Amino acid sequence: MNPVNYLYLAALLFTIGAAGVLIRRNAIVVFMCIELMLNACNLAFVAFSRMHGNLDGQIIAFFTMVVAAAEVVVGLAIIVSIFRTRHTASVDDASLMKL
Amino acid sequence: MTTTSLAAEASTGEAVQFWILGTVAVLGALSTILLKRAVHSALSLAGTMIILAVFYLANGAYFLGVVQIVVYTGAIMMLFLFVVMLVGVTAADSLKETLKGQRWLAAACGLGFGILLIAGIGNASLKHFNGLGEANAGGNVQGLAALIFTKYVFAFEVTGALLITAAVGAMVLTHRERTERARTQREQSEARIRDGKQVTPLPAPGVYARHNAVDVPGLLPDGTPSELTVNPTLRGRGQIRDVSGESLAELKALEQRSEERLGRSEEAKR
Amino acid sequence: MSFPLLTATAAVPAIGAIATAAVPAAKRTVAKWLALLFSLATLVLAAVVAVRFTPGAKGPFQLTESHAWIRSFGVRYELGVDGIAVALIALTALLVPFVILAGWHDADPMEGPEPNRRWRPTQGFFALILAVEAMVVISFEATDVFLFYIFFEAMLIPMYFLIGGFGDRAGSGGEEHSASLRSQAAVKFLLYNLAGGLIMLAAVIGLYAATADQLGSGTFSLTEIVQARADGKLALGTGTERLLFLGFFFAFAVKAPLWPLHTWLPGAMGESTAPVAVLITAVVDKVGTFAMLRFCLQLFPEASSWATPVILVLALVSILYGALLAVGQRDIKRLIAYASISHFGFIIMGIFAMTSQGQGGATLYMVNHGISTAALMLVAGFLISRRGSRLIADYGGVQKAAPVLAGTFLVGGLATLSLPGLAPFVSEFLVLVGTFSRYPAVGIVATVGIVLAALYVLVLYQRTMTGPVKSEVRAMPDLKARELAVVAPLIALLLFLGVYPKPLTDLVNPAVDHTLSVVDQHDPRPDVPVKADAEAAK
Amino acid sequence: MENLIALLVAAPLAGAALLLCGGRRLDRAGHWIGTLFALASFALAVPLFTELLGRDAEQRTLHQHLFSWIPVGGFQADVAFQLDQLSMTFVLLITGVGSLIHIYSVGYMEHDERRRRFFGYLNLFLAAMLLLVLADNYLLLYVGWEGVGLASYLLIGFWQHKPSAATAAKKAFLVNRVGDMGLSIAIMLMFTTFGTFAFGPVLGAVGETSEGKLTAIGLMLLLAACGKSAQVPLQSWLGDAMEGPTPVSALIHAATMVTAGVYLITRSGAIFNGAPDAQTAVVVVGAVTLLFGAIVGCAKDDIKKALAGSTMSQIGYMILAAGLGPIGYAFAIMHLVTHGFFKAGLFLGAGSVMHGMNDEVDMRRYGGLRKYMPVTFITFGLGYLAIIGFPGLSGFFSKDKIIEAAFAKGGTEGWILGGAALLGAAITAFYMTRVMLMTFFGEERWRKAPTPSPAEPSVEPAAETRGEYTPPHPHESPKSMTIPMILLAVGSVAAGGLFSINEAFVKWLEPVTDFEHGHPPLSASAITTATIVVMVLGVALAYFQYGRKPVPAVAPRGSLLTRAARRDLLQDDFNHAVLVRGGGELTRALVQLDHSVVDGAVRGTAASMGGLSGRLRQVQNGFARSYAVQMLGGAAVLIAATLLMRGV
């Protein structure tokens, strides 16, 4: 088997995650989908590092994780505070960008 | 250990593993985005992540594999679940689309995107893989460490700063300072009188002698449930358990049972 | 390194603009005098330029300055003047002081029932005028296409504020109403010219690309491009050249303005104060026609001669159309605006007649039209400021109440209908002859324009100045000293240039000949060339 | 000596500048200053004349080159003067008659508070007219040509407060502009043909040019002449021009300016000689106009308009003569000069009459004035006799010669032209007699209150005051007015005779306008007698109509022709209907079109832009997820782009 399949898998997962972001209204689920996309990227990185035979890909994946963690923390905090004030976690209700 | 002999070409064992676990991962991802309840999504996502961890290991990223399990499926997913709990375990958002055409657009874009990605990968010449053999020679963790603390040290430091900032930010966002003194009971009652909507204290939840759980609304004299009796958070989650119906059902069941007993007793007479 | 005269000529008004703007709000009069001072200084510098310039010296441009500016794109800060540019710079520098003097009180804070509801920043008014002058001057001097383009466009900004911010108090139907009309006119002016400018920008970039892939390193320098053309190193494809030409020409035709791109002018001139209107038509619009002469023709000779028939027809239409519409106007300033459209038709016709008479005449026409329109428009402005109305119907018999005003108005009008003895006649006749000698039919049709010109001028004069005295007009004061100081020199100039235009023609002729040689056109020979000894024979 | 030529022009020009810029402080002396400058140029003209007489015929051309005016490429226009016999004649006429009329105006304009300005304009006119006749090239001539147009505009509209005057002035200028168009086109043609437009070279090079070109130039020149000299079809302005003060009518619209057309044609004789078709056009115009003017002159009750009609017809004679070529030029000029005298005299007389009659112009309100203003009567009478061609007076000689020349044209053409000329003579006699009788003879109609006349509503009765009618008190005019009249009368009596003494005048002009004797089919004496006979007939007819029976104070409705003639043979109505109204409609339509179509397109674009952006605004619905879709779409597009770029 050719390891390139990992890349296909990553692409697939990424796409699924993206679709999830688009169709789900619950902010938390949207966040999960984002995590899914990030993970897909990580997989790709790892596969690439295997391809090139050096560890930089893994380093990047590592950093991605760190950033993802930070992002999740802040994001969830935001969700919580929004929920507090608006009693909902639906992204559609927070259509504040509209004039 | 197979690390040293981790070749460019994946072994058949790995192939089998890939095909099986890959399928599962995709299913997990799909269920993440398709299941109604946030909890289920979270759990299936966790599953997918674990599988990814396995894949990392298979690709010679042992450190990452472990981190993936520990950090992601351990910490982050727990955080998710925690928030889900906070926001409402059973809060099931309907998958019914509200935005016009959103779903179709999403499908179109998603498909197009995916196809393009895969096409891109397909015609990118990625045939030749030179494995991590020598890269991992001194052990994967040592290799990573060497890189992190030499080449990527600044990025590493910055991520540290980022994490701290994120933590502080999260605190600031979630922590609510009580600025004003809590209102006394008197003041509250006076306020109630003033705006005159709900003069009396709010009625307690629960149906006496049956349910006294906080998510069960009290019944009004006509047997209909009163929203007021349930606390607003539950109301907001839409987690009010209406028991007026089932209590009636239980009553019916009771009568039936009694009839059966009576019937059996009659047979016993014969 | 000699003293950068041209830079100085453009810089002085620019500095003046900043200085004027910096004057504190209370010191209005100081600002006025400062502005006047700087404009006069510019006039002096322009005079120096005219003196230092030696007509007929070899080389297309003189007093040149050249510094690298944006190396990566071969943009150079390159200035230089030929006779045409000198004439127009002189015109600009000459008119601006009069404009300032005429607009002395136009930007004072409003008095009246609701005092200073719209406070007009006097400093701003004069600063903007000086800014316009600076930009116009430098775009006359620029021999680098990109440099020219920048100021050609930048000019719009101060003009926009001048038009939109300062109308005459004679707005029909209240300050509010006229203010809205004003801003409409200003926006229209801006968008119209921006559209033209952007199309030109595309063409400029195209030109750069063309030079880049043929000369190796792209350049915007007019001289270099013309030289390369002459050496045959640069040969644009016919299609490319035509497209580029159209891109340039469109912008200039909007600015000029040429029918049917003229509709911004009447609004802009009608709504703005008379001095600003003069600035528009006598100074800023000249950049358009000037640029046709300098850039369109010299950069794209073939395309120019290719487009000539169409352009001539359009010019012809402008001449007659503008004149006829002028006849039909009810608003003095709009009438003058349409008259200007007709005149610009003449100028463009002369430029594209591709004869030395035509182009020399066109250049003279730019100068003379500047002066004559300034005279007419400014007097009209004085008239309007007295009565508080722009409608012709509101006047009548002014001649009796204010004879001097009427007299100057008449002279301005006669200049507009290009009466012999006044400057515009010379240029108009040259244009006509120049056109006629190559395109007789066009020339003959264009002559109808002179009859129409007489019609709209005389009708205007008759309706406003003659006839029984209207009651509102009876107490109208005659021209004040300041106003006379504005008009008298202009009229004197009109007379002088009408009787003795030789200095101007000597200045312009070599430049025109150079242009023609670049375009590779020659005057048609008369079919019976008269021998020099014809006098002797008689 | 040559250097004096420029001064001829400069003197009155200086006067004009002084008077027009001088301001009120010159008001008191203004009229004398103006007169002074006019006389000065006359004083300059006389020594030049003697100088010319001193030389022998071929050397009688002086040139003065001042400076190069418009040098552009092959186009070389100079400010240079040429004084030869032809222009000398004009100079004398202009300055002489001009000075007289200046003097006359001193008295006539006495009570006008804008008298200074009036004299300024008069001086301006003199300058322009002199420039016209002294220029040595067509372009400079054009300057003078338009200059006199301007002066006439200013003077016709001198009483600007009268709308009629302002309108008349505007009309005059516009119609003249049409003519000027012709002149400028002619100059362009000359430039393209010869590469120059100076008299000498152009006329010298006529030989090598194709007849077609010459015909074109000739026709254009004719158009110019029509405009300036009020010839059909551009004659309509002259009648209205009478709105101006009478001295103006005398000087500009009788003696000098209107004859500029004749000068132009005579000056360009060589061109016309080379273009027979153009010549034909000229004679036709002349013949038509001389009848047209005469007929109009018969019908007008306004004394000045009647005289204007007569002017028109007399100039018709001149143009006719000029069209005949070398046999006619000299006589055209001769008639021009004599006409200058007697017509100026007649106008001044008319002015004097009006002066005495409170500016009444309607001849039906005159009558029997001879005893009240004898001098006017006599001078006017002499002018009258001169114009009808009474034997021995100047008009007789000049007109008779023209008629001869017309016959001499030869062939049927000759007969037609001669006939027309004779008929014209008859009508002239008729209407002039009519004027004479209605003004100075018959009952004194002015004693009765006027009844508004339906025939000529345009004439506003200036004399009557509100309430009861006070008849005017006719009186003789002051010396300053009578003296010029007397001098002109002398001129109109003597001039013709003097000129004809062994053809002095013709010989004088011959070097410029080469002259050849015409050979009429009839003997000269026969033609002369015929002329006298028709003249007598005309007088008799007029006498029987106006002398015997009393003249009705209100114009009778009259025959169709009369009514048409009163309205300038409907030519004005035509102009009004076609040009004025049609033009008005056209401009209105164009204004509308400019707003709705041309500008409409622009505004349409703007509006559509607005609409489009409004539509696009809908995309920004504020829902994060739809933005996300757009982002993903964008990303997809980017990937696609990159793939395509990499050339899949």
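We just call them A, B, C and D in the order they show up, numbering each chain from 1.
Rule of thumb we're sticking to: a residue touches a chain if its C-beta (ideal position, glycine included) is under 8 Å from a C-beta of that chain, and two chains touch if they have at least 3 such contacts.
According to UniProt, the chain labels map to these proteins: A = NADH-quinone oxidoreductase subunit K.
This one's a predicted model, so the numbers in the text were calculated from it and none came from an experiment.
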item: Which of C-D and A-D has more C-beta pairs touching across its chains; value: C-D
item: CA centroid of chain A to CA centroid of chain C, Å; value: 63
item: Between chain C and chain B, distance of the C-alpha-averaged centres to the nearest whole Å; value: 73
item: Chain centre separation (chain C, chain D; CA means) in Å; value: 37
item: Centre-of-Cα separation between chain D and chain A, whole angstrom; value: 96
item: Shared interface positions of chain A, touching two or more other chains; value: 18, 22-23, 25, 92
item: Shared interface positions of chain B, touching two or more other chains; value: 99, 102, 105-106, 109-110, 113, 117
item: Chain C: positions in contact with at least two other chains; value: none
item: Which pairs of chains touch, using the document's own definition; value: A-B, A-D, B-D, C-D
item: Residues of chain D touching chain B in the complex; value: 621, 623, 625-626, 629, 632-633, 635-636, 639-640, 642-643, 648
item: Chain B contact footprint on chain A (complex, rising order); value: 1-9, 11-20, 22-26, 28-29, 31-33, 35-36, 39, 42-43, 46-47, 49-56, 58-59, 61-63, 65-74, 76-81, 83-84, 87-90, 92
item: Residues of chain B touching chain D in the complex; value: 99, 102, 105-106, 109-110, 112-113, 116-117, 119-120, 123
item: Residues of chain B touching chain A in the complex; value: 6, 8-10, 12, 14-15, 18, 22, 25-26, 29-30, 32-33, 38, 41-42, 45, 48-49, 52, 55-56, 59-61, 63-64, 67-68, 71-72, 75-76, 79-80, 83-84, 86-88, 91, 93, 95, 97-99, 102-103, 105-107, 109-111, 113-114, 117-118, 121, 126-136, 140, 143-144, 147-148, 151-152, 155-156, 159, 162-163, 165-167, 169-171, 173-174, 176, 232-233, 235-236
item: Chain D contact footprint on chain A (complex, rising order); value: 18, 21-23, 25, 91-92, 94-99
